[in-house]
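Both of the next two complexes hold chain A, though its partner changes from chain B to chain C.
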Partner chain A sequence: MIADGVAAHALTDISFTLREGEVLGVVGESGCGKTTLMLSLLRLLPSSGRITSGEVLFMGRDLLSLSEAEMAEVRWKNIAMIFQGAMNALNPVHTIGRQIGEAIIRHNYVQDKKLVDNRVAELLEMVGINPDRRRQYPHQYSGGMRQRAMIAMALACNPQIVIADEPTTALDVMIQAQILELLATLQEKLGLAVLFVTHDLGVVAEMCDSVLVMYGGVTAEYADVDTIFNAPQHPYTQELLRAFPDLSRPTGKLVSIPGYPPRLTALPPGCRFAPRCPHVMERCHQERPPLHTPSPTHLASCHLLET
Partner chain B sequence: MRYFRIVLRKLAWAVFTVVFVICLNFFLFRVLPGDPARAGIRDPRLTRQAIEAIQVRFGLDKPVINCVESLNPFTPGDCLINPLQTQFFIYVSNLLRGELGISYHSNRPVATILREQLWNTILLIGVAQVLAIVLGMTLGIAAAWKARTPIDYLALLGSLMAWSLPTFWLGIILLFWGSTSLGLPTAGKSTPGANYATLWQQWADLGRHLILPTLTYTIVFLGEYMLIMRSAVLDVLSEDYILTAKAKGLSTFQILKDHALQNAMLPMVTIIALNLGFTVAGAIQIESVFSWPGLGKAIFDAVGRRDYPVLQGAFLLIAVAVILANLIADLFYSYLDPRVQTE
Partner chain C sequence: MSAVITSKAPPPATGFLGFWHTFRRNKMAVVGLFMLVMAILTALFAPQLAPYDPKAITRVTIEDIYARPSAAHWLGKDDAGRDVLSSFIYGSRVSLIVGFFASMISIFIGGVIGIVAGFYGGRVENLLMRFTDVMLVIPDLPLTVVIVALTKPSLFNIIFVIGIVGWTGTARLVRSQTLAVKERKFVLRARAIGAGNLHIIRYHILPLVLPLLVVNTVLIISLAILNESTLSFLGLSDPTTLSWGQMLNFAFTRGAMSAGAWWVLVTPGLGIVWLVLGCTLLGQGLEQVLNPRLEAHHLAAGPGMVARRLGD
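Up next is the complex of A and B:
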């Protein structure tokens, strides 16, 4: 990734597995590389970004070694994406129906023109939009409806994986809840594997099977949801959980983690969380912690785990 | 139905603007000093009767509009005349019949003069604008697609140069080069005294005369169109919905065609409409350099001769052209961008 004219590694040492029908939550502060990670999975990075090494294995195939044309086949048919802020993710000059139909036609999900229209209507109905509104334009939809339409579009070709990149940002709380419920229902009904990017830990606890906690472009901790919430090993995960308001103690003061996440062009030499870590030691400033495995399904990068 | 109402509202505004322009245009040339009768007074050979005859011929013997004193309710003047006898009403009623008055210089009806020259201008501008729009847009899209590559830089450099060249200078250079090395005609729209055996020969001669002024005009506008198209496409390509389109598996060509172009056309439509409207008059420089018998040259000559009726007619024509071009752009806009319709 080129930022401010300097080459910088936005992401390193990230590894995770998404099983069929699994919901994986990806959490971390803004700017820690969550969206970059999602875009690299689909090879949609802006021209300033490049994947230097690694593998994205999808059903045994490495997506990074596919040709551009082969990759275009995989996009949306196998892996679809719900973008943050559906306001701008829909083209203002085409009808919703046309934009959903476009994906269906592109991947030959159904052949006939009439069938495409039927499929569009069916999809809109599935997300709770009156199918007659497929002939309307995005500006005639409310924010919540646009996000619903975006979800319908993501499901157009019945993909195996849906990447939901903060699907509820810029929506009010009520609509957020509705969208999340819709996503959860559809996930269960269609058996989708979902990569769910968010910074709302409450949503993670409710929806996700496992959690990847990212900090400064690296894995901080990766485990199933129970472990993350009940026995977090990385100080960043612990602090993040402490910063989450507890409904059982409504009078308790809100805690925040002092400081800011590092800029990609000025990463600390040792552990990236060291400048803000409450348990920081001398060696944290010099040495990058490796990924430790406290248990076979649990990854965390912290020197404290070395025993 | 909603579209129909928009058309109606825009149309009403256009008509209102034209009426306003007609009034303004009328008084502008009554405020300006000088008319043929006054010019004649200085000539001792003209008799009083002759001067009066000139005034009657051009309708200058009548009051411009009714006298101002008569509007005062306390001391009503006695100069009130039948309003149908004022210059303003005569002008407006002539206008409704398609008459624009008589040229002070050539004594011919202005409408006849302008009609011939308007067609010549439309021929020149039409060909050149179509060329400039097609070439400029293609270059702009290509440059945006290949942004920050040598192709882009070359197109950018060329367009900036073309845009900043002074029109008359480019015209003179092309005139010099075209007439010496290529042997193309330098002036007018046909070879003087030529006898054409066939219609085809006549058209070929017209075509040869068109080459140099058209080329000049195309180069001047090509740069502008290319630069605007390039930046509009680049702007659109950075939008989120382009990323969505890419994520859907569409190819770069499909993205350009189905998602980028219609949005990028919006600023282009505005510029094209403005240019089309104003270039009816804006061809003055090119038409003067190449002695092309068009509207621009007619305006240039009329200014030198103080031929007010011709100028007045030409101004009205230009104003109507600008208003019409804007009306078309407005309607095309609401066709291109559905968001415009609901406003």
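Up next is the complex of A and C:
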């Protein structure tokens, strides 16, 4: 990916597999490229960004080699997205029902106008909103309901994959719990594969099957959820977990990781985490660590794993 | 999670009724609307309202030329012995027709160029906006005079020329609004849905640019009316169409001043002021109604403010 002026590589060396019905959590600090990664999967990067190399294989097809028109067909029909901040992702001048119907009409999911309306009502019912409210505008909805409406919209064309980009930010704790529960129920019921972007490790432990930990635009660690929580190999994952409250250690002290994530224009030459790493060694500053495989389903990029 | 969120939906305050509710409270807009409606009614019912037919052939004696206002002729007579009131009433038609149609042309050109430039960006935007800049710096009046002089003076040509000269401001305004709207998240969402550019422009950009266009239309109408009067006054309009600018032109060139016939000059002048003022008031009032953020903020300095700056 290239920002204007100097080329800045926002994402490199990221690879993951999402199986049918799997929930993959993507975690990392703000600004480490989570949203950029999701947008590049759908090829929706802003005009200053570009995908210079890589592959996005979806059911055997490389999405990056599709034409723009073919890609438009894949969007929402196969891969839908729940956006961060539902208020902004809804157009204030159209009713909720019309906006949910937008995707249905675009992909001819159902043909008849009456059927579109029925489908919208059915979707709203599914996410727990009174279908009569489909004729209302976004400002007449509460924050939690808008997020529900966004979920309904994502499910409009029965996609195989749903990308949930921090679906619970800016909601209070009670509503967050409701939304997460709704997502989990729907995921199970519809057998969705979900890419779940979040800051909340508790949610990851609860919902996800596997976890991708990102740092500074690269993979720090990628493994199934048990491994990440019980035997994390990358120092960043370990620090991240120590910075999160744990009910089983109520007296344990929370630690923060000193420093900030690197800026894309001033990346450290070696390991990107080296300036903040508690186990930093001499070679970390010079040499980029390759992705090691402590076990066949576990990836971690750290020099410590060499021995 | 099975609880269905239920609540009785309140009747939506949107649509025309909601708009009218807010509109009614804006005095400026209501006065402007009243003035404009009066003018439109006058133009529509000109044959019923006018006491005489301004195009009728009449015998004129020397007393009829610049005859003072009287009971039979409330606003007196002009240099050809015609009733000024009747000419004035019929003249409103030309002003309104030119105003509406010319502003439609302006708004259409300006809207399309603004939206296309703002939405597509890059080279397209550069090209269109530089063209707009060029049109913007050419003084309007000489340009219109030249084009009208080159084409046959007719009502259609006047409309066309005023229309293709007056779109630059609209284009710039619409472009900036488009730039702001296209960065909003719902446009990205529409793309994620698989929507194409045309759909996004029509469904997501246009509705948010529209209020601006409506306000601009009303303001441009007043400009077009003024332009038409200017051109007619300079004698560049079709001499057979009776307009207020034409009346001024005749009065000015045929010695109304020296004859002391103020009624021939003041009447069309006031008509133009009435229409332009009405449109401007309505336009500015609409702007306040459609964009409430323009109104003074409750924290801004004012008489009702609790804390004042030192020295106030």
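Operating definition for what follows: the second predicted complex is superposed on the first by the 300 of 307 C-alpha atoms of A that agree within 3 Å, B and C clash if a C-alpha of one lies under 4 Å from a C-alpha of the other, contacts with A are read in each partner's own complex, and residues count from 1 in each chain.
As a convention for this text, a contact is a pair of C-beta atoms (placed from the backbone, for glycine too) under 8 Å apart; a residue touches a chain by one contact, two chains touch by 3 or more.
As the structure is a prediction and not an experimental result, all values here were calculated from the model.
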Chain B and chain C placed together on chain A: clash or fit? clash
Notebook entry, point to check: Which partner does A:Val26 contact after superposing on A: first (chain B), second (chain C), both, neither?
Noted result: neither
On the A-aligned overlay, A:Phe83 touches which partner chain: chain B = first, chain C = second, or both, or neither? both
Is A:Glu73 touching anything from chain B or chain C once the two structures are fitted on A? First, second, both or neither. both
Comparing chain B and chain C in the superposed model, the one touching more of chain A is C
Inquiry  = Contacts for A:His107 in the overlay, against chain B (first) and chain C (second): which applies, first, second, both or neither?
reply    = both
Check your understanding: Does chain B (first) or chain C (second) touch A:Cys302, or do both, or does neither?
Key -> neither
Clash list for chain C against chain B, restricted to 23-31, 41-49, 59-67 or 293-301, contains only 23-31
Where chain B and chain C land on the same part of chain A: residues 42, 44, 72-77, 80-81, 83, 85, 88-91, 93-94, 102-103, 106-107, 137, 140
Chain C partner, complex, touching residues on chain A are 42, 44, 47, 71-77, 80-81, 83, 85, 88-91, 93-94, 102-103, 106-107, 125, 128-130, 132-133, 135-137, 140, 145, 178, 181-182, 185
In the complex, the residues of chain A that touch chain B are 42, 44, 72-77, 80-81, 83, 85, 88-94, 102-103, 106-107, 137, 139-140, 153
Residue set of chain B touching chain A in the complex reads 239-241, 243-251, 254, 258-259, 262-263, 336-339, 342
Chain A partner, complex, touching residues on chain C are 1-7, 9-10, 12, 14, 121-122, 184-186, 188-196, 199, 203-204, 207-208
